[in-house]
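Pasting the structures here.
Both complexes shown next keep chain A, but they swap its partner, so chain B is in the first and chain C is in the second.
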Partner chain A sequence: MKSFLSRRWTLSLLAAGLALALVLAWQLARIALRPVAVYTGWLLLALVLILTFFNARKKLPFLPLLSASTWMQAHIYLGWLGCFVFVLHTGARIPDGGLEGLLAAAFAGVAVSGALGLWLSRWLPPRLVRSGESLVYERIPVLRHRLAEEVKELVRRAETEAQSSTLPDLYQRVLHAYFLRVPPPLSPLTGDDHEFHRVKLELESSRRYLNAAEQELAGQLATLLEAKRNLDTQLAGQRLLKLWLFVHIPLTYGLLVLIAAHVWLVLHYSHRL
Partner chain B sequence: MRRLLQSIIHNRKLYDRPQDEWVCGRAAEGCPCVFGPGSKGECRATSQCLPARKGDRWVCTRAISLGAACENGPQADGSCGCPVPPCTPQQSLRGQRRQLTWLTVSLAAGVVVMGLWGWARTAWSSPGPLTAQHAMSAQRCADCHVESPGIPLTPEDHIRRMQAHNQRCLECHDLGAHGNSPHGVKGEELAMLTQRTKAGAIPPTLLQRAAKSLVSDAPAELACATCHQEHHGRDANIQRLSDQQCQACHQAPFASFTAGHPEFTDYPATRRTRLQFDHVSHWQKHFAEPRLAASAPKSCADCHEPAADGRKMLVRNFAQTCAQCHAGQIEGEGQTGAKGLVFIRLPEVDVTALEAAGAPVGDWPDYCEGGITPFMRWMLEGDETARKALADLGAVKLADLSRATPAQKAAAARLVWSIKGLLADLITKGQQVMMRRLDPYAPAQGSTRHTGKFSADSLLAAQQIWLPGLLTEVAAHRHGDKPSSRPARSRAVAAKPAGSGATTGVPAVDPDDLLAGPAPTSPVDKDDLLAPEVGAAPASAPAPVTPPVLEYDDAEARVAEGGWYRRDENYTLYYRPSGHADEFLTAWLETSAGDALPAAQAIFTQLADEKAPGACMKCHTVDRVGSATVVNWLTSRPQPHQRSFTSFKHAAHFALMGVQGCSTCHVLDAKADYAAAFGANRDITRFHSNFAPLTKNSCVSCHQPELAGASCQQCHNYHTGELAGLHLRSAGFNVPTAVAPPSIRPEPAPR
Partner chain C sequence: MAKTSSRPTIQAGSQAPYTQATKQAGPERWDKPFDPDMKEVDVDLMLSHPIFRTTAPEKFPPSIPLRGILRNDARLHQYMPGEIIVRRGDYGHSAFVIMDGAVKVLHKEPPAELLGRRPQVRPSLWGSFKRWWNRPHFAEQVTRGGPPPGLQVGRGGEARIFLQDVPGVLGADRTITLREGELFGEIAALGRTPRTATVVAEGEALLLEIRWQGLREIRKYSPAWKEQIDGRYRERSLKRHLAETPLMWNLSDETLQLIADATRFETYGEFDWHTTYQRLREAGPRELMENEPLIAREGDYPNGLLLVRSGFARVSSRYNHGERTERYLGKGQVFSLHEIVTGWRGQHVALRHSLRALGYVDVLFIPTAVIEEHILPTLPREQLAELTLPAQPAGEGKGADELLEFMVAQRFINGRATMLIDMDRCTRCDDCVRACAATHDNNPRFIRQGPEAGGVMVAGACMHCIDPVCMIGCPTGAIYRENIEGLVDIDADTCIGCSICANSCPYGTIQMVALHDEDGLPVVTEETGAPIRRATKCDLCIDEPGGPACVNACPHDALLRADMREGDKLAAWLRR
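Right after this comes the complex of A and B.
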């Protein structure tokens, strides 16, 4: 099996070769006074439909239409090719018509969000793996709830067994809010970790007032604190990996509607087809 | 110690359903109900289980994941003993995304509906602003577009659609008769040009060859939008084409202007000059003469000046150029014969033969010379009797009827009477008769140029000398009376012309001399037509008194500025041109040049002679353009709608000329037989220019891509031929049927 790097090189070269061939064909057709905008338009429509079918393919896993991984690779490289054909189609000109401007903006939105998604899918997963235990996104709220319950139980034990109010006070003041906290959406990109360090510092600062039994409980709290940190990292990272699709997919369907209108206009009014 | 979070999930039998749109409101607490939310997000949980009836008992069916059967068991009525308070289901990420997707699609669809069918349809559906000109003329899409449903599937559909669109363009733009054809050239001409250019073709580059393979060889009709692509902004240049695009259609493509462009063959001379002016003989022979040193031009600019648009070099007017040397020639200076044009003349008639044949013609001078003048013939042919007489007479001359048949003699007599009638009519009715006889030209020309401001008085005066009894004779002839016997005439009548009166001592009747007293030898008042005519029975004459007399100049000299005069010695009425561009001569040259009738050709031959008065045809030429004949009065005919294939702007090149001036490009060709193309030749394509053709090298030195540019469109136009630009649309004024009177507001009463 080919390595990831060699596959990337192969597909990149293939896409670049296709792009070059397209430029040559576009230039020849332009010189020959052919309606290049029409040709590139039909090509772009075909590419967009193929790219959109990737989403449908994911929903129809029973169909023997190559693997999802192959589709993903095709989606990425045909996406780049689509951007290139888009530039040829518009003649590297920013459209200034109402519908056309909107269409171009939608295409740009889909392309940029796709590129951002591709980058996130390459950049975030290794960081999530390195941060600790990998978690199922849908279970994270349950885990957060359980962690908060465990912390509450530890603090209750500290209050009953050690007859001390240090840890309960700390819980009231800091720990309770921290363990229920949901990280901000872009925290993986902004490196938002200061809340964890603040809570940890508070816990370490309070250790000097703890007896031996409380010290053990504080140690367990520190472990849970680390687990919460990983939980937050996993939540924020996985949420970001899903959030870019909130731009990419809705815009794609909006783009299809606008494309349909554009094609109708062209078929209806164009001098040359 | 590291804490693994997955291990704290208590019941692994719970599995996640990320595809679900809704999630149980208690899922975040780790205790979602087994039923889960409904498809619309409603909570479906009322209890932990639905008890089952087994015989007469209700059995708990709580799931194992929830702790299996409860201790209390179901209620007596079969309801669950562990009721679950309802939750508020949360929308999953997928559900939120789906909702957002539908929202986006709805928004896009709304925009599309508004854009295609809403009130701002034109603004939204337009792919971009039009150029300023089109933006002002087109208000709706349908002004320029043919709304076609569906895709043209067959080539015929495609061509029909393209032609329909082209027609929309041509509704405003006039591209000539072959507007749809490449370069506006019709098919056969295009094929001929193709053959010509193919002969000298240089193998094209690989790119050109590849591009050419995409273009059909047949000169198919092109869509206007092939080159003119609109909706690219207000200031977009929709005429721009690259050189490669130009050459894609060409049968003989080449790399660039410097490499491969065909050498100029006959540029810029494409036709014979309209004025016969031999630059070689004038510069090398005439202008070199010392006597002409003062009036000879010193440079080309003395005779030529650029047109207002800087393109063509025009010739200055006659007064600024040729007049200094040639004005006198036009006025007859140095001419040995008459300076005037023979218009009317009493032809020599064999009166004796006619009288012998019993066809008397009344009074007629004995010593007339010559035949009927071309102008007289033209006017006589306007009369049915004369025309028939001329036809019957055939080749027989009036001067010698000895061998004529009786019928021809009769025809000759009728012709003489017609001549007399014509003269009488011209005298009594003047220009009206002349206009009628010159029909159909005079009314068609819409002016009196053909009459030359003819003076009936001049003819009247001539008649009183030539045929004193003409009016009486003609009146009697038309009444049916037989003419009286021919009075005895002698050459003495003719020997007493107006101008020679002084020499004889008896002043002749001068109708133009109002200051002169009544002629002592003739008591007849020349203006009194009722009075007895000269030559009639003489009244008792008073004793002759010899008054002092003035010297008369020659009649011809008295109309030095042009006009009508006569010479009695040859019974001829002349018209002397008034100088350059004389209206009478130009009108008759234009009329007769294009008329194949013998009478017209006789007039043209008379006027076109190099020695004819005015000498018009010495310089001016006649072109045959299709079936029409055009006399060239101007050196260049203004053709504002004519668009040539090559466009050159002289004014833009003035600064580039070296010390050689115009000779930098225009080199005289002393060997060319320039004069051979003139004379009887009317074919403008048969000529030898005075100048050698321009060479491509003279342009290449500057016209390179990195210097002055070498693009095709810099020198060539695509649309060529007779292009009026935009069709002129004109409608009548809307005149309101009734104009409402202005309303008068009552003035407010003064307080």
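Right after this comes the complex of A and C.
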């Protein structure tokens, strides 16, 4: 079985070779006074369509159209190649027209969101594994509610069994809000453990006021705090892994519409239509 | 009989659980008789039959009398002409004695349709496209025809399957007739192997069906039965088993026969191990291991070679205050060979490892003297050198392999197509689940959740087990294997929704789902109005030309359907 590293090297070299061949062809065509912008434009359109078909392939799982993993690799490296062809096509100029500006911005948006998504999909999963138990994204709200209920029950026990208000006070002050809290969307990128550490410190510092029975309940609360931390990490990480696609895919459809307009205009004004 | 129980009031936080716990009678050997309607008069009828006259009831211990075995582990069954008793390839947990009448053993297997089975499917692109185009709007919609010809289901859910075209199939040259007093099906029942032939009732036939527990006891305490069962096994299968072992490939027929004569059969663990497994699953690995029957102990003299005939065994060694799993053995693998070879070459060593039964294991024991006399002299010098152990055991200080311990403890080693997900690569996109639903009636046949170890998740998908517990006891044979070691599938048209397979599956990968009509309304029975359900599970996309949709749909190379017998492939996948 080929290692990921050797596959990355092989495909990177292949993409680099293709890019080099394209530059050579582009130079030769320019010297021969051929319409290089038209050639690179059609090539870019073909690449964008192939890249877009990856999503269609997912919708047709019954067709033996190579595995999604093969498509993904093609998507990544043809995507990089597409960026290169885009530079050749535009001549690395800053677009000055309204439509061109929009088109370039859409292309850049798709490319950047794609690259970001690729990075996220390699960077986040190991962090989710290290965080703790894997959770099903759709079940996380239920689990959060269950955790909050368990905490409430523990605090109620502390109040009735130990006749003490230390843990109920802590609950009112910090625990209640913490266990209902939903982490912000970009928290995996910004680091969101400070809230967990703050609450944990508060719990630890309140231990000096607890008797033996309450200490046991505080120990259980600490376990639930860990569970909440994992739940937040799983939620925020999995949400981000889904969210980037909500940027990448709509932008791609927008880009396709703009490309269609661009092609129509080019053909229209070059008297080919 | 239902157990009575009493539940006292328990004080919350009580420190005296044993004095205040719910009390009930402890579980006993015959809590669940094979046939609750069995009467004493039926037992008398059985005991008066010539086959039991030589059984010597006095040799049975008072706690397990022969009468008790027949009362609780056997049932009488009247078969109608042409009724199928067992089918080739099905898994069973019982053997049959012909009390009256005759049965035909089919020498040549008739086409699947004649046996009430689904014909083998050939995957095609057109078929895939048609299924996708005609996919139902609602999950598990009833779109197929009724049950196959030959299947009759009684009101109590009792199923009978009749052979189609009886005169054509039961031609004299194609069958062997078994008559009153003969025993059949015992090798599959005791060896946990698929039935090797289809057996059909010739006319009306009264058969005594003995489940494996009873058969095991009768074999144990009745020398006549033991001689008969072992003799038949020796005659039909043992030499073939031995000849298939690489160690004995070079041996002549006569030598193989000598070895076969000296071989002993041993069985460890429970046949229906899944019930204990389900109970102990939540227990710690130490408790799990302590519950595994010990076959050979580290430090003992290697008095024989153990050849695994079926099931699995754990090879472990002492590691500080616990035991470390070194590897596991499956069908055809041997234990203690290295020690025997080393001893034969002059340096006597004790067993370096212990061997424990994982669930149910059937082993062949070949005495060391026989190995030394007949097998070792035929092995090339290089092979003997490879099999010789060093003076000091290797592997000290290497620690334990977390993933191996996990896979063995959880019995995932049973899988031929275990769904493993590399959680370091999985982005939780659920493309695998969607692809599965799109190719299976809008209802995914697995759950992307399961236990994890070392960053690998074993998802809740059918593993198409080497030892398919789910196939034991299916009343209609709806759950079947495509071929002897092939994938396990459920024929939706034959499934009567009895849940036996779902309850038996140790891994909980078979789901009972309610059927819907074209308007999305539940389909219910005419008699009781209860929803009609059927068993569903992963079929490894048997109908799809591209193979399993889940694997093909994973864009991140995170998913593998692993055959746990192929350790090298698995290791390479983990090392990527």
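Criterion: the second predicted complex is superposed on the first by the 270 of 273 C-alpha atoms of A that agree within 3 Å, B and C clash if a C-alpha of one lies under 4 Å from a C-alpha of the other, contacts with A are read in each partner's own complex, and residues count from 1 in each chain.
As a convention for this text, a contact is a pair of C-beta atoms (placed from the backbone, for glycine too) under 8 Å apart; a residue touches a chain by one contact, two chains touch by 3 or more.
Just so we're clear, the structure is a prediction, and the values are computed from it rather than from any experiment.
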{"item": "Which of chain B and chain C A:I249 touches, first, second, both or neither", "value": "first"}
{"item": "First (chain B), second (chain C), both or neither touched by A:L102", "value": "first"}
{"item": "Which of chain B and chain C A:F62 touches, first, second, both or neither", "value": "second"}
{"item": "Dominant toucher of chain A (residue count), chain B or chain C", "value": "B"}
{"item": "Which of chain B and chain C A:W71 touches, first, second, both or neither", "value": "second"}
{"item": "Contacts of A:L147 with chain B and chain C, given as first, second, both or neither", "value": "first"}
{"item": "First (chain B), second (chain C), both or neither touched by A:P126", "value": "second"}
{"item": "First (chain B), second (chain C), both or neither touched by A:V136", "value": "both"}
{"item": "Overlap of chain C and chain B interfaces on chain A (superposed complexes)", "value": "133, 136-137, 242"}
{"item": "Chain A residues within the chain B interface of the complex", "value": "27-35, 93, 95-100, 102, 106, 132-133, 135-139, 141-147, 150, 223-224, 226-227, 230-231, 239, 242, 245-246, 249-251, 253-255, 257-258, 260-261, 264-265, 267-273"}
{"item": "Chain C-touching residues of chain A, taken from the complex the two chains share", "value": "1-4, 58-65, 67-69, 71-72, 121, 124-126, 128-129, 133-134, 136-137, 238, 241-242"}
{"item": "Complex interface listing, chain B residues touching chain A", "value": "1-6, 8-9, 16, 18, 23, 27-30, 93, 96-97, 100-101, 103-105, 107-109, 111-112, 115-116, 120, 123-129, 141, 145, 147-152, 158, 161-162, 165-166, 207-208, 210-212, 214-215, 222-227, 231-233, 242, 244-245, 248-249"}
{"item": "Residue ranges of chain C touching chain A (in the complex, touch as defined)", "value": "125, 128-129, 131-132, 423-429, 431, 434-435, 438-439, 448-449, 452, 455, 457, 544-546, 549, 551-557, 569, 572-573, 575-576"}
